[in-house]
Amino acid sequence: MTGMELFGTWIAALLTLCLMSFLYKDNPLFRFAEALFAGVSLGYYIGITMDQTLRPNLFEPLRDSGLTLETGHLLFAGLVGLNLYTRYVPKIAWFARSSLAIYVGYYVGINMVQKLQGEVLPQAAATMVDLTGGGSPTDALNALVVFIGVLTVLIYFFFSVEHKGVFGKASRVGIWFLMLGFGAAFGYTVMGRISLLIGRINFLVIQWIGGTLQALGIGG
Amino acid sequence: MEYFDSSRLNALVLLVLFCVFVLAFIQRARSGGNLFIRRIAGLNAIEEAVGRATELGKKVLYVPGIMSIDENQTIASLAVLSHVAGLTARYGAELDVPNKDPLTFASARETVKEAYLHAGRPDLYSDTMVHYVTYDQFAYTAAVSGTMVREKPAANFLIGSFYAESLLLAETGQASGAIQIAGTAEVAQLPFFVCACDYTLIGEELYAAGAYLSREPAMLGSIKGQDWTKAAVALVIVLGAIFESIHIFPGLKSWIGIN
Amino acid sequence: MSNLAKLTSIDRRWIFLLIGLGTLIPVLLPIGFPVRVTAPVKQIYDKIETLGPNDVVVLSYDYGPTTGAENDPMTDAILRHCFSHDVKVIALALYPLGGLTSLTASIDRITAEFPDLEYGVDYVNLGYKDGGQATMKLLAEDFSGAFPNDTHGTPLSNLPLMQQVKGARNAQFAISVATGIFGEWWANLINAQYGLPIAVGCTAVSAPKYYAYLEAGQMLGLIGGLKGASEYEQLVKDNYPNTREAYANPMLQTASKGMDVQTIDHLIIIAFIVIGNLAYFADRRAKRA
Amino acid sequence: MFLKVRLPILLTFFAGLIPIVAFFFKDGTPYVKTLSSSLEQDMVIVSGFALLLGVVNVVQGNVRKIERREKGWFYAIVLLAGMAFMGLFGAAGAMRLFGLPGIGMMADGRPTPFQWGSLYLFTPLQATMFALLAFYIASAAFRAFRIRNVEATILLVAAVFVMLGRIPIGEPLFGPITEWMMQVPNGAAQRGIIIGAALGAASLSLRVILGIERSYLGLDKSE
């Protein structure tokens, strides 16, 4: 480790501990780390947005090939983007709405077809299961569970009818499926979250303490 | 026709069916048809939560998710925000809307401003209610967690598109003693909201929330249309499963499933 | 209220403390719970065992430091295996958020344990290239299309190992240690188009998705999360005594330590759930009485 | 009135129609596909411009805090300093000013100041906040998993079984149950949620395109 790296590791380790102190309670060290984090991260995205979004998508195409048929629409993009700033001019502040309107319009359009084609259809097709399990009793049971599960959950989401009687019972079964799914997914996620903590502890123990000891010539 | 992508014919059929159902029910609702929509627990609790914040003299915290307005969940969240802001305006409770996405921030400000105007209390509106924090998911979470612990809002709304920060926010809010109403369609985050919040709008309930709260005929009609499409999809699933089980019309499943 | 009933409202900081200790202590003092090797991991190990000294494995670092706790032990164990078994390695990174950091650190760490290795002959570090799938297609045909130079700036034409294999398709085996979608791309692009055997090491969160690829035969093997990594470590430790010294180093990050932590933390959480319920019932009984 | 209210709604309508129509045409279809794909590129650029809205708001808010010496004004200085450091070096790197080759590494392999900040300030803070989840998932489990009623009990049993199935000592017994629960009942529940939510999202899209849902624009419903 170079001196500069060791210095950086120390800063990183101290900031790690500052944030972790929040687990005990809110305190000035946490507040310091929180404020620094907010500032640094916003600055980080200023750099990333300029370098990875605006530079390659707007400036470079215009600089390299000038205004052509292919790049012409980028002027429109720039105008819609700049129009967002009209909110700072009180008289025409409502101009900014148009940019939001175009942005939202485009994406709700995309989302609409993508949700119907990419989610509803394949998920529905996957639920059209062979309830005989092709002769295998286990497969038949699994197919039946999936079939009932999907239908009862859909019934739970039915808004137009009061959930009582048979409908209410089916919707209740749907809730049980949801709870079973949520519980299982919760239990399944624990491992990944603990791995993240192991990562931080490894950093503190191996890179920070170990690295410092190594730099001081103690230990291996 | 040479340009039409025939592999997407199934999607076109569904789209047309869906639009016909929704438009027909909007029309029916506008001419005074049945508008019954079942109770959605989390939504009925909103007024109580805002009321409690008012009594305690504490603020209402509204987190509109971490995604931009290119995500439908964010639009759905802003519709709920419009309602919540209307309530804080009427009750005179303090509202705080921190943002991670700058476009959501710009939109949320318009939404809240209009809600205060509509409630007849533009005097109570302030530009500092809706503010920007940072673009990073976890830095944003750290800041909002700090607010929860320091200012102890009486009601936390966590509604929109959330990722890993869902549990960080919900647990911190839980520990600070707030009533928490959450809502998301992110399947992976639902378990955490269900475990750590008082009420959770699950998936489709989030999208329906704005319409439910607005009580407008056109909005409610669209929910009915969506319900009918759902019934049609369920029917096709049942038919498909029967066909698969007795091995007839294998084409149905593959036609629906092609992507 | 009985003492037990009071536990329903125990300060959650006690839970935090126990989870913290349950993570720190096994990292410092490994316990070594037994590891049972599963087939998807063994298949990768066996594949490398069939390779000879002229064969080449492509190892792609498709993850960054964020998931290093899970992914680092995988790449480390695979490298130790390849180098101990005398198989050549071409390492590269495709993951934008710190893939290069993980790649360089891992190569430095492991090659230090094998002083006889010769750079450019036994292994090469190509560095990072962005572009995802597009880059993957390029390097399948010709490494120099995606990486004109290695990470040290040496043109590939000056590296003997790179004369031996033109593109990834000419290698004998490729392993992607990945977070997110990169592993799928290796299966869909490289395996499907060139028939090169592919194996994936992935985080626990994405393991279920990858099982489908394994079952479909698009992947030869799968290392899922820390558990899979600990299995691979076990295989390497059992069969290559030269690696045992390295794995005995207390300052080494290993998957078996990680699995110790997982076991203890999972048990702590379950214990708290049990206590919480006992307390809940005691509390209810007290309230009724 | 037209410009303030009708125009945004008309823009939403047309902007929404374009990708829907384009979706049903093959790649390479003239006009339709090109229009939609250039609009897509354009929206990425628009989102890039938006960040400045946030930056301005953060600067305004924190400068005000410092000027008025509001509670916690010291932290406002820390925040602005952090933002200025990363933001200025990031902007300079993006514009290739002061001999900076970009926002990554220098030619000699040393990190640029921006890269240094992201390695030693940003990344560790981010990873630590993420890692706090390990603690919170434990405390949430303790509090939420109680045998209160049928629903809560199902939640608890499923979670505990899966937790046991994920660790070596529980795996022989609970491993197969875990896999079954994840694939069969959890798969079914997720599928139900996805189908419902997708229809809900599509319905919301339609309301937005038709101008029925407009609270995101801050437009009064009666206008």
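Labels A, B, C and D are assigned to the chains in the order they are written; within every chain, residues are numbered from 1.
Just so we're on the same page, a residue touches a chain if its C-beta (ideal position, glycine included) is under 8 Å from a C-beta of that chain, and two chains touch if they have at least 3 such contacts.
These figures come from a predicted structure and were not determined experimentally.
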Chain closest to the middle, measuring from C-alpha centroids that were averaged per chain: A
Most distant chain from chain A by Cα centroid: C
Chain pair, most C-beta pairs within the contact cut-off: A-D
Centroid distance [mean C-alpha coordinates] between chain C and chain B, Å: 38
Distance from chain B to chain A - Cα centre to Cα centre, in angstrom: 16
Inter-centroid spacing, chain C versus chain A (mean Cα positions, whole Å): 23
Sites on chain A at which at least two other chains make contact: 19, 22-23, 31, 33-34, 37-42, 44-45, 84, 87, 97, 100, 103-104, 106-108, 111-113, 115-117, 120, 124, 126-127, 147, 150-151, 154, 157, 178-179, 181-183, 185-186, 189-191, 194, 196-197, 199
Residue list for chain B, restricted to those that touch at least two other chains: 8, 11, 15, 18, 69-70, 72, 75, 103, 106-107, 110, 133-136, 138-139, 142, 175, 187, 190, 192, 194-195, 202-205, 208, 223, 230, 233
Where chain C touches two or more other chains at once, by residue number: 12, 16, 19-20, 23, 65-66, 204, 262, 265-266, 269
Chain contact topology (line, ring, star, complete or other): other
All touching chain pairs, where touch follows the definition stated at the start: A-B, A-C, A-D, B-D, C-D
Chain D-touching residues of chain B, taken from the complex the two chains share: 3-5, 8, 11-12, 15, 18-19, 22, 26, 68-70, 72-76, 78-79, 81-82, 99, 101-103, 105-107, 109-115, 117-118, 128, 131-136, 138-139, 141-142, 164, 167-168, 170-172, 174-175, 185, 187, 190, 192, 194-196, 202-208, 210-211, 214, 216, 218-219, 222-223, 225-226, 229-230, 233
Residues of chain D defined as touching chain A within the complex: 3-4, 7-9, 11-20, 23, 38-56, 58, 72, 75-76, 78-91, 93-95, 102-103, 114, 116-135, 137, 141, 145, 150-152, 154-163, 165-166, 178, 180-199, 201-202, 204-206, 208-209, 216-218
Complex contact set, residues of chain D against chain B: 20, 23-26, 29, 32, 43, 47, 50-55, 57-58, 61, 122, 125-126, 129-130, 132-133, 136-137, 139-141, 143-145, 155, 190, 193-197, 199-208, 212-213, 215-221
Complex contact set, residues of chain A against chain B: 19, 22, 25-26, 30-31, 33-34, 37-42, 44-45, 84, 87, 96-97, 100, 103-104, 106-108, 111-113, 115-118, 120-122, 124-132, 147, 150-151, 154-155, 157-163, 178-179, 181-183, 185-186, 189
Contact footprint of chain A on chain B as seen in their complex: 8, 10-11, 14-15, 18, 36-38, 40, 69-72, 75, 103, 106-107, 110, 133-136, 138-140, 142-143, 145-146, 149-150, 187-188, 190-192, 194-195, 202-205, 208, 212, 223-224, 227-228, 230-231, 233-234, 236-238, 240-245, 252-254, 256-257, 259
